Each structure stands twice: as C-alpha cells, then as structure tokens.
Amino acid sequence: MELFINQVLAGISTGAIYACMALAVVMIYQAIDHLNFAQGEMAMFSTFIAWQMMQWGVPYWWAFILTIIVSFLGGILIERLLFKPLAKAPVLTNVAGFIALFAIINSVAGLIWDFTIKQFPSPFGSSPFLGSQLISTHQAGMIGVTVVLLIALFLFFRFTRVGLAMRAAATVPESARLVGINTSWMIALGWGMASAIGAIAGILVAPVVFLEPNMMGGVLIYGFAAAVLGGLSSPLGAVIGGFLVGIFENLAGTYIPGVGNELKLPIALALIITVLVVKPNGLMGHTVVKRV
Amino acid sequence: MSTVQETFATTKSPSTELPAGKSNALGRNLSLLILLVMLVVPLFVRNFVIFQITMVLIYGIAVLALNILTGGSGQFSLGQSAFYALGAYTSGILMEHLGVNYALTLPVAGMVCFAAGFLFGFPALRLSGIYLALATFALAVAMPQLLKLGIFEHWTGGVQGLVVTKPDAPFDLPISQDAWLYYFTLAVTLVIYITSIFLLKSRSGRAMMAIRDNEIAASAMGVDVSLYKTLAFGISAGITGIAGGLGAIAVQFVAPDSYTIQLAIALFLGMVVGGVGWLPGSFAGAAFIVFVPNLAEEISKGLSGAFFGVLLLVVIYLVPHGAKQVATFAESLIDKLRKT
Amino acid sequence: MTALLDIKDLRSYYGQVQALHGIEFHLKEGSMTALLGTNGAGKTTTIRAICNMVRSTGTIQFEGKPLMGKSTESIVRLGIAHVPQGRGTFTTLTVEENLQLGAITRKDTKVIASDIEKMYSYFPKLKERHTQQAGTLSGGEQQMLAVARALMLRPRLMLLDEPSFGLAPLIVRDLFGIIGKINREDKVSILVVEQNAQLALEIADQAYVIETGRIVMSGSASDIVNNEDIQKSYLGH
C-alpha cells in the first residue's frame, strides 16, 4: 500500500509537467482546431532563450517574464508569417507545416546551443518537499504554478471580453465574424498564448529533464495524451488528464511485469485509448446537445 | 433539415478534397511513357541511384497504402511504420530462419499485416480524427519496443536485428543485384498500383469514399460502414506490409530502430506532398521523402533539419494540394494549348 | 435622400457557378424591406454578399460608403447585423454569453447589461434559460436568441435570413411582431428574406422578388401583394 501511495505521489509530480504542457496544447487546439506538433519545440526554444538570458546575467524571474513576453510575440509572429497563408489549405497540409516547423526549430536550436545537456536552475530548489523523498520542492512549485496558470486561464476565458471572443471564434468562426470578431487575429492570439504557456512549461520542465534541443519530444507526447484524455476543449480537463497520465505511467512501470522505461509510453497511451473508446470526447470534453 | 445546415456546413471534408474531376489514375499514354522511362533508367545511372529509385518505389507503395486509408476511407493513421515493420520482419524471418524464397515472403507479409490491420481497425472504429491519430501513433511508438522484447529475441535478433541476404538475378541474367532488385520492385509496384486503382473504382472503393465524404449519409445508403472501415485498415496495412518486406530485402537489414515514428511521419509527409487521395502522387511524395533529406544534408550538414523544413514549407505553400495540384494545373495547361 | 443600402450590378459566384446575375436594389432608412423568392433563387446569397461572405462583384454602398472588399467583421462593425440562415448559434456557450457576443464590438460597455435585460423583456424565454448552453434551446428559442444577439449590436441595419424557417406558426407570429416593433420603435432598418411571402408582405413596406439570381419585381408591399403573378406563384391564390 505504501508503495502504491508513493507511486501515485511520484506520478502526480511527473504529471505536473504533462499538465502544464497539456494546457498549452488545449490552448492551441481551441484556437486552430488541431494539434501543433511543433509546440514542444517552440517550448524548448523559449527555454533556451530563458537560459541564454540567465547566462547573460539576467535574474531568474526577469528572465522568466521576458521569455514569456518574447514567446507570446514569437507565437503570434509564427502564425502570421507561416500559418496564416495556409489557412485555406487542407488540414493535413497544415499538419505537414507543423512538422516542417518542428524540423526547423530543432535544427536551429541545435546549431545555436548545440546538443549537449545543460543544467537549468529552479527557483524552488530541489530539497524534499515536506520531508517526502518523492516530491521535491521544485515539483511542488511546478504543481503550484500549473494550478495558478489554470485559474488565470479560467478567469481569462470566463470573465474577459477577449476570452469570450476567443471561445466564440473557436466554436463557430462564421458566427463570430458575424458579430464583428476578427477571427484571424483570435487565432494569432491563441498561438501567442499557447506559445507563452509552452514557455512556462519548458522552463518548469527543464530542471527535471535537463535542457537540450530534444528535451520536449517525450513531454509533448504525454502532453497531447493528457489533453486528449481531458477532452481537448477543457483546460481543467487537460490538467486532470496530465496528472492521470503521470499516475498511469508510474503505476504501469511498477505493477506490470516486464515494463521497463521503454514500454511505459505505449502502455500509458494504450490505457488512454481504452478510456477514449469508452468515452470518445474525453473525460471533460463538451458533449453538445444539438437540435436542428 | 439539411437546408438549415447548408450555409454552415464547412465545404471541406475533414481530411481530403480532390479537385473536381481529377481522376485517380494518369492517362494511358502518360502511364506507358513513365513505365518506359522506368524500364530503361537503370541502364543510365549508378548502382546507388538505382537503389535510391528502388526505395522511392517501396516508400511509394507504403504512401499509396496510406492514401487508400486516408484518401479512400477518410481515416488517418500515424501508425503505418508499425505495419511496415511487421512486414519487414515477416519477410526477414521467413528468409533467414526458414529459408523461404524472398519473392514468396511478400504475400505472407501482406497477409500477416492485413490481418493485423483488420484487427486494429475494430477498436479504431470508435475513434476518429485526432483520437485515431493518437491511437495509431501509440502503435507506431510501441512497435520498436515490442520488437526488442527478450521473448522474441530468438526470431527477431533483438536490438541487433537481422541481416537479410540480397537476392541475385535469376536465370543468370547479366545484371547487377541492385538492378535486379529494382526490376523486381518495379513489377511488384505495378501490380499493387493497378490493383489499387481498380479497387478504388470498384464497388468497395466507392463505398469507402462514400464513407469518407459523409459517414452518416453512407450508412443511410446502406453501406456497411464498420466493415468497410476495418477493411480499409486491413488493405492499407497489408500493402504497407508488402512494402516493408520489399524494404527489408532492399536494405538487407531489419532492426527495431529502423521503424520508428519518424518513418510514419515521413510516409505521412509523402502523402501530403503527393496530394492526399491521389494514388499516382504517392510516388512523387515518396521521391520527396527519399531525396529531399539528402538534398538538405548537402546544403548544410549542421542545419539539414532546418533546410528540410524550409523545403517542405516551400512545397506546401506553392502547392497546398501537392503533386495532385501540379498535375491538374498541367492538364488544364495542355487543354488550353490544344484548343488554341 | 440617399438610400441606407444601395446595391448595383451585384454578381456572386460559388467557385465557377454564378448565383447572382446583376442584382440591383435600395433600402430606405427606417424601412422594412422583404426579399422574396423560391428556394434557390439567391436570397441567402444576396445577403451573404452584403457581408462579403461570398465572392462577388458590383457595388454595395451602406450610408454612401462602399462595402465591397471590406472584411465581414468590419462590415458588421459599421452597424450591419446579420441573422444567418440556420441561426449560427454558439451552441457550447450559454444564452447570456451569446447575447454578450452580439455586443462584443461595442465600446459603451456600461449599457450592455441593460440591453441584455431589454432582450429578456422582448423574449422572456431567453431569460428563463440564460445560464443554459445555447445548443440545448429549441429551434424557436434559438431563432429568438439569434435575433436578440443581432440586436445587441444596436445595428443600423438588420439582415434576417428566413427567420420563420422551421418554426410553429404561433411562434412565427410572435417573432414577426417583435421584429416589426424593433423596426418601428428602435428605428432599425430591416431586410428580411422569406420564402413565406404572405407573412413577409404583411409587415414589410417594400418588397423585391428574386428569381434565379435576378430581381424580377419590386415595389411597395401592397402593390406586390395585389400583383396577379405574385398571387399565383408565391401566395397560392
């Protein structure tokens, strides 16, 4: 029993990483209706920007804030330059565009900062949290930041006009235009926000997985899985999904014989798919009652 | 009812749109011309280039298989590398452990993968769009790990993989192994290509496309949606398996890490570049995924990924519908020239 | 006096197919104009063209300013509210959020709440359901919501595409009563598209009849009602 509880705790702490990434995934999904495969790479690049600033002597929190701003603008820029021209192209062509972006960012980051692993600092330290060996203060801090972010997003979408406009543009773009919303800019804004949230995820993850151009590959996959499990349309669902995926992964690694690190991912994915077969809209997804 | 929805139903079908009137095959004269070029090409190029063209054909078959699934039935898969791997290992094991003739391993690889794909198609029935992408993705990620498992090691060679013997030309034909393999692959490709075109034109093919365009309408018309969707998965996996078997013979090596998610992504890109749903485009797309990474590598070693990405972006900006769009454009140009 | 809306030589296309072949009509400030025609005549296309939602050529002027080439959202911001065919409900949002969205471009945020109350007084059903997901409303309620959403813009001109479609006759009476009231009291000019010519001609002052993409008749509503051809083909006499 104690082993079980410990593994759940460990799962929650890795889950916080996935939850944070899943928030970014949901953000972009809301804006553009598909998953951005380059999102992890964008987050990685943001994290390198933060790292570079700290190398230049910028204090942690300043670097944190500046990186978020730069990432927000960068996300908007990427949308305006690369994806707005593809707005009328087929969906699968857009997906190919994400893959292209992935390749470009990964390769450029490798050239600028090379592929050696770099230490990344944590503002929360890494001592045991409340005396537990399983959760460090960094991981507790990460959970805290994720929750704060979730609340901030909730308030933004629920109580601001821009948030409402973004939701409207995401659900029925044509009607959104008919009430005067510039849907094209809402998409750009969604990219900016997703990029900023991705930057936060990257900065929080980096002390755990270390900084290098390929650091986000696995994290993004779990982030996708978490977001899909949560229902893709719900930030709360994404965070819950993130923690569940973390827990699944740890329990599978502990209790299913023969599951090494290698098979954890497929098993976690298989479990998620099983859930989806039963509940195709995810745990917290909209089930819209439609009448015609 | 439908009039209420008409203005708001997006005209895009989820995954694919063929430009109106674009048929799924090239004209007969053009096909024969291309075939002729393909037949004489080995006489004029180096062995390594022959090998590369062989790989284009093999990946072309795999992209075509994905096209049948996505363009034909509207389902999407990021898991094609898993079926490719299964086919490659089936051929490899049959040849190396059981001494089966290489040509005979291909139908077996096809059937094994057909069965696997058909079975996978059942749970996939419940999923669509992004969910199906995730499920097939899981398959692609799991496959290399499964192939490494200790219990199969005797057959699969574990992490090391298997070395596959390269076949000689039969009847003492005076051509190199590479050239022979090329002609052999070309023959297999032709058979699969022609069969696929007939398949999509047949009743079953039309049923699949009806499902792609509108699942509810298709089932109202009496199409057995579940059957055809799983069948499409099976057929697509089967053809991918044959490509995998051919790939094993051509590369002379099978190992788990040759068949990662990257292969599935490459096949997907091949489909987009060739034009989703347009079978002849599969080979144009395959050429892209074989040659463009090399080209990017030549432009700059350090930034090859970036150059690959940029080249890919250039292609999708210029022709968002891929080679299909180029062909449509060329056709209308020729029509115009004829008229004047 | 120039017309509020002035359309000349409007031609619209869906891909290669031409749906409108040179439409011309005017809408006077404060008027309620009906656009009549059978299914497929081009009514929806005409009002979609006004909001630049279909590829078109010709001139469209609103208060003397050209609309051609402006984006849909900037046309709406000029004070043209469009209630689309099919209602365009934001199904996953609440009724109240749908109403707020109608006013999303307005700067006078202080009075939006009181405008929402006004909509609730027009359509009490919406008040009862204001926290409900809009997709759960009945067809008639969604149509009311669509009209209310459009009014939240405080429009100068309202374009209504078949507001009676699929509604029970009693509900239609109610709705048209309110539309008439909005036109008279709130001074909103209205262009209403209808297949139900009888109904439209009762409340409209002007009417145009459109057939296969061309205006074939125009005049005051009373002239049109009394026209023999119209009586035969549209009013079923």
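Observations on the model:
Which chain is which? They are A, B and C, in the order written, and residues in each are numbered from 1.
Methods note: a residue touches a chain if its C-beta (ideal position, glycine included) is under 8 Å from a C-beta of that chain, and two chains touch if they have at least 3 such contacts.
Keep in mind that what you see is a predicted model, and the values were worked out from it rather than measured.
A summary of chain positions shows that the Cα centroid lying nearest the centre of all protein Cα atoms is that of chain A. Looking at contacts between chains, the pair that accounts for the most C-beta pairs is A-B.
Distance between chain A and chain C, defined via averaged C-alpha coordinates, is recorded as 42 Å. Chain B and chain C, compared by their mean Cα positions, are separated by 50 Å. One inter-chain figure worth recording: chain A and chain B are separated by 31 Å, centre to centre, where each centre is the mean of the chain's CA atoms. Chain contacts: chain C has residues 84, 88 touching two or more partner chains. Chain B has residues 4-5, 8 in contact with two or more other chains. Residue positions 172, 174, 292 of chain A each touch two or more of the other chains.
Of all residues in chain B, only 1, 4-5, 8, 12, 14-17, 70, 76, 123, 126-127, 130-131, 133-135, 137-138, 141-142, 145-146, 148-149, 265, 268-269, 271-273, 276, 302-310, 312-313, 316-317, 320-322 touch chain A in the complex they form. Looking at the complex, you find that chain C touches chain A at residues 51, 53, 71-74, 76-77, 81-82, 84, 88-93, 97, 100-102, 104-105, 109, 133, 135-139, 142, 149, 153. The residues of chain A lying in touch with chain B in their complex are 34-35, 82, 85-86, 88-93, 95-97, 99-104, 106-108, 110-111, 172, 174, 221, 224-225, 228, 232, 258, 262-263, 265-266, 269-270, 272-273, 276-277, 280, 292.
Contacts from chain A toward chain C in the complex involve residues 161, 164-165, 167-168, 171-172, 174-183, 233, 286, 288-292.
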